[in-house]
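By written order: A, B, C and D. Residues from 1 in each chain.
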Amino acid sequence: MNRPDTSVEIAGIKLRNPVMTASGTFGYGQEFAEYMDLEKIGAIITKGLSLRPKAGNRTPRIVETKGGMLNAIGLQNVGVDAFIREKAPYLRTINTPVIANIYGNSLDEYRQVAHLLDTVPEVAGMEVNISCPNVKEGGIVFGTDPKAAFEVVRQVREATIKPVIVKLSPNVTDIVAMARACADAGADALSLINTLTGMAIDLQKRRPVLANVTGGLSGPAIKPVALRMVWQVSRAIELPIIGIGGIMTATDALEFLLAGATAVQVGTANFLDPAASQKVAEGIEHYLAENGIADVKELIGALRV
Amino acid sequence: MNRPDTSVEIAGIKLRNPVMTASGTFGYGQEFAEYMDLEKIGAIITKGLSLRPKAGNRTPRIVETKGGMLNAIGLQNVGVDAFIREKAPYLRTINTPVIANIYGNSLDEYRQVAHLLDTVPEVAGMEVNISCPNVKEGGIVFGTDPKAAFEVVRQVREATIKPVIVKLSPNVTDIVAMARACADAGADALSLINTLTGMAIDLQKRRPVLANVTGGLSGPAIKPVALRMVWQVSRAIELPIIGIGGIMTATDALEFLLAGATAVQVGTANFLDPAASQKVAEGIEHYLAENGIADVKELIGALRV
Amino acid sequence: MQFKSLVLSNTEVSPGYFRMRMTVPAQLSAARPGQFVMVRVRDAIDPLLRRPFGIYDVLILEPDFDGGSPQTCLDILYKVVGKGTETLSTMHHGDHLDVLAPLGNGFDLGKPGEEKILVGGGVGLAPLYFLAKELVKTDCVHLFVGGRTRDDILCITEFERLGIETYVSTDDGTLGEQGLVTEVLEKELTRRKGKASIFACGPHPMLKAVAALAERHGIPCQVSLEAYMACGVGACLGCVVPGKEHTEEAPDFRCVCKDGPVFDFQELQWK
Amino acid sequence: MQFKSLVLSNTEVSPGYFRMRMTVPAQLSAARPGQFVMVRVRDAIDPLLRRPFGIYDVLILEPDFDGGSPQTCLDILYKVVGKGTETLSTMHHGDHLDVLAPLGNGFDLGKPGEEKILVGGGVGLAPLYFLAKELVKTDCVHLFVGGRTRDDILCITEFERLGIETYVSTDDGTLGEQGLVTEVLEKELTRRKGKASIFACGPHPMLKAVAALAERHGIPCQVSLEAYMACGVGACLGCVVPGKEHTEEAPDFRCVCKDGPVFDFQELQWK
């Protein structure tokens, strides 16, 4: 049999396979070059970029929980200018699409970041993080209010001609309503899920473990929630979906495709194994070959219920 | 040192210690009598009771996930009459308060169940499950809409003079708003959390593992989310809180107390170890003794942030 | 009851199938064929839940030194299919397991002197050996055992050592007759038309076919079921099967763990 | 690099402290003192994340048979504090580990011929032995080591075998002087007022006190920090510490994993 076709397309971005790296878990790519072949995955998503450099939260910022981890990095990043200056040149040398994860402290900042990245050739598209718990305007958190989400996406949409992917928060009552608002505002694709808000406590110290008190839960623990949301949204909304949450293996990734995702992102798994994303991509190809599936696209949404 | 005081009071119900068993994970109590001393825990919460016997969902109804499990039992239960007839007599013989977990398919059913149990002497109080995903009226799910929750709680409140505890769903954007609605409607205490909605997929069969497609995620995986919600609600609402979610050990339970819970429930852990609830209770007493804490109530909400 | 077991041995009896012997409290010698155990494979969250296994055998080991006391042991026979059984397969003599046993109801041994037909599919054979040991004391016992291929036919020499006549079939004909165990069984039932009762354990489609045969031939038949289980004690309601009269309105669900795992086939719905 | 290591030995050197030797690729002989490794304790989700450990030693074992090739090995010295180290402590010769190494920047060995003062608190001693082995080649090395009690003073005979003068202190006086290691260090620094440089590793309060001493005495000082880590390669930003000039508006965070774990104390903020 011929090699199976693993390519997919998200919002006009062609990927050699459906495996991307999740924002915030893969630095700016270069950190992993020693451990894997960056040209064996579908795309690299950068750490979230803001208009200006951002300090992030105090430490401790991470803690392990059962089957997962909490992080409260607080979106520390070099800022969009430094990204263009210092990080983009390396990414240019790699033949893999780079998607910039962006966020702003206000509508205006979102728009400005998108505008600045619009003309950067290394950036194939933008993933708009509306799910950061600390970012709000007028008391409304963009990631949990459909109207606010609509507005962010609309502004970003106007600021760039590049593909706009919106990354949704799972901390909502109605994920479909959020997805619909983003679709209505012109999003080209949806990423889900970001982290679930959680907390860990140090009994002896009687303090929260994280300096920020709460943090975002990621890892295998959240996979069932992520799969459910991908499935719900994929049945209701016409946009391509990038499935994220607890993906450790090719089997996990393939389950997301069945649930309706066109691509996936590997996050926390990069910490357990810096070559995880490449292994997931290879595992998918292996599965297709083993099972005589010619094209990975046959699996997308192929869940029988 | 004297034996530490482990007693707490929830909504007027006196508990010898803060450890209860979570609804649906402990049957009607008797199932565990062979494995532990039912008089060593604070209270027993029954499987959810409805007006009439209920068949529940098709099987498979449970599946293990990483660090947790999904269940879609579908609230199979004997119905409130059979409970009174067949289950209550045994519970009468046990010197431990029994709290009936109740739910209805409509406002009216909620009220009727509460009314029927109001005069049952074995029932020390009621825990109103408003978080069942399949139960709705007029398209509104009680567990995710504050107005609908208010209405259910108000009706139950009117139907009984027994303590009314309301059990909240974590599948909401704003858990505090839900808690506040229940408080406003006259709840005496709040239980949180119920399960997170999730899904598991069988890759080879290309089918959801659960016949019901989605199910409720419980176990250690959800503990960070549960802790966070208990903490949020305890800071905002004046009612006593029963913390639930992934409690396996006394340490877990004590963390919930620090976060603001007055008592806790042990759920999934009962499946791993049928004596888990007793062990958690004993572990709490042991911790207090070891650390020279005279009264468990000193720990409630003692988190320093 | 709940207890800690010491693993005495854990041997691969056929590729992918293991037999594990563990110590158990003396009370377990009263366990009945068809009952099962729930094993906590590891004191960790992965695997999280206990895993159910039929009782393959219960035996009392004589002390190997003067003044020692006899040790009651329990054997399970299991197939490696996932995380839990994989972890179990790595255990050695000296490891400990947390066990609930005996659980559920066993087989009804029926009238002594009657002919008894045991039907096992793959690792469904497991509870039948313990049963056979009891039955051969008074009855004439036949074993019908089927599997995908030769490697899935387990431990039949042990049954033969009990003096049991065995009929083997495999899907691919690599051992015994080629075909389904129920096909072989049907031929024999037709040939005999005698009084006999059936005890079956195996995959659901096999049980369904066996139940149909029992119905047709009008002979008693008990089946031992499998189901996803969380608690094993009748509390979670994860393991239910519909009873004969079950409807949505008048539910009659049975717990495999508590009301079973052995059922008279006539109690159940076989849609 | 990422590789699979074979555990060669894993010995409890003091109650609750283990020393593990593992095989590593030959390239690891180029590892520098102060660098560290990230170990995946088990291919499972509990523990989930890798655990970081300093390099206690790197050595090349000669083959024990003719025609064999030398084997590069790496030692870690660790304290059992939680799930990860507990699991690690149960490993035996023959077990395998998934390891990332060498990570981070090592110590700057400074000018040869200078006097070198090593300061270790508890298991913070771990990276100092590898360092000491390098330094003794050219320098006069002193070791100040402190711990809560006698059992927390690890492996000092090994330092002594290198010809290093050691000053031991314990909080409870069960070994060496009673008091904090920094108190002993301070006395010595005051007595000497000589040219020396400090290399310290241990709990944060100790490092802070050592940094204050270095400041006061105007001598160079490098500290090796610990932090909660997820990735170990500078990607997650979990392990940061504020650099000297760090402010909210002009953030200057350093990654302990990538920019450290060794820092010149003057680079950092010691509030």
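Here, contacts are C-beta pairs under 8 Å (C-beta built on N, C-alpha and C of every residue); 3 or more make two chains touch, one makes a residue touch a chain.
Predicted model, so just to flag it, every value in this text is computed and none were measured.
Colleague: Return the chains common to the contact lists of chain B and chain D.
Modeller: Intersection of chain B and chain D contact lists gives A, C.
Colleague: Farthest chain from chain C, comparing Cα centres?
Modeller: The chain lying farthest from chain C is D.
Colleague: List the centre-to-centre spacing of chain B and chain C in whole Å, with centres computed as mean CA coordinates.
Modeller: Averaging C-alpha atoms per chain gives centres 36 Å apart.
Colleague: Calculate how many whole Å lie between the centre of chain A and the centre of chain B, each centre taken as the average of the chain's C-alpha atoms.
Modeller: 34
Colleague: Let me have the rounded angstrom distance from the C-alpha centre of chain C over to the C-alpha centre of chain D, please.
Modeller: The separation of the two C-alpha centroids amounts to 55 Å.
Colleague: Provide the list of chain D residues touching at least two other chains, using ranges where the numbers run on.
Modeller: 45-46
Colleague: Pull out every residue in chain A that's touching 2 or more other chains.
Modeller: 66-68, 220
Colleague: Answer with line, ring, star, complete or other to describe the graph linking chains that touch.
Modeller: Here the contact pattern is complete, since every chain touches every other one.
Colleague: Which residues of chain A touch chain B once you look at their complex with the stated criterion?
Modeller: Checking each residue of chain A against chain B gives 65-68, 70, 144, 171-174, 196-201, 203, 206-208, 213-215, 217, 220-225, 227-228, 231, 246, 251, 254-255, 258-259, 302-305.
Colleague: Which residues of chain D touch chain A in the complex?
Modeller: Per the stated touch rule, the residues are 1-2, 40, 45-50, 98, 100, 227-241, 246-251, 253, 258.
Colleague: Which residues of chain D touch chain C in their complex?
Modeller: Residues 44-46 of chain D touch chain C in their complex.
Colleague: In the complex formed with chain C, which residues of chain A make contact?
Modeller: 66-67
Colleague: Can you tell me which positions in chain B touch chain C when the two form their complex?
Modeller: Residue positions touching the partner: 24-27, 31-32, 34-35, 47, 53-56, 59-64, 66-69, 71, 73, 76, 219-220, 248, 268, 270-275.
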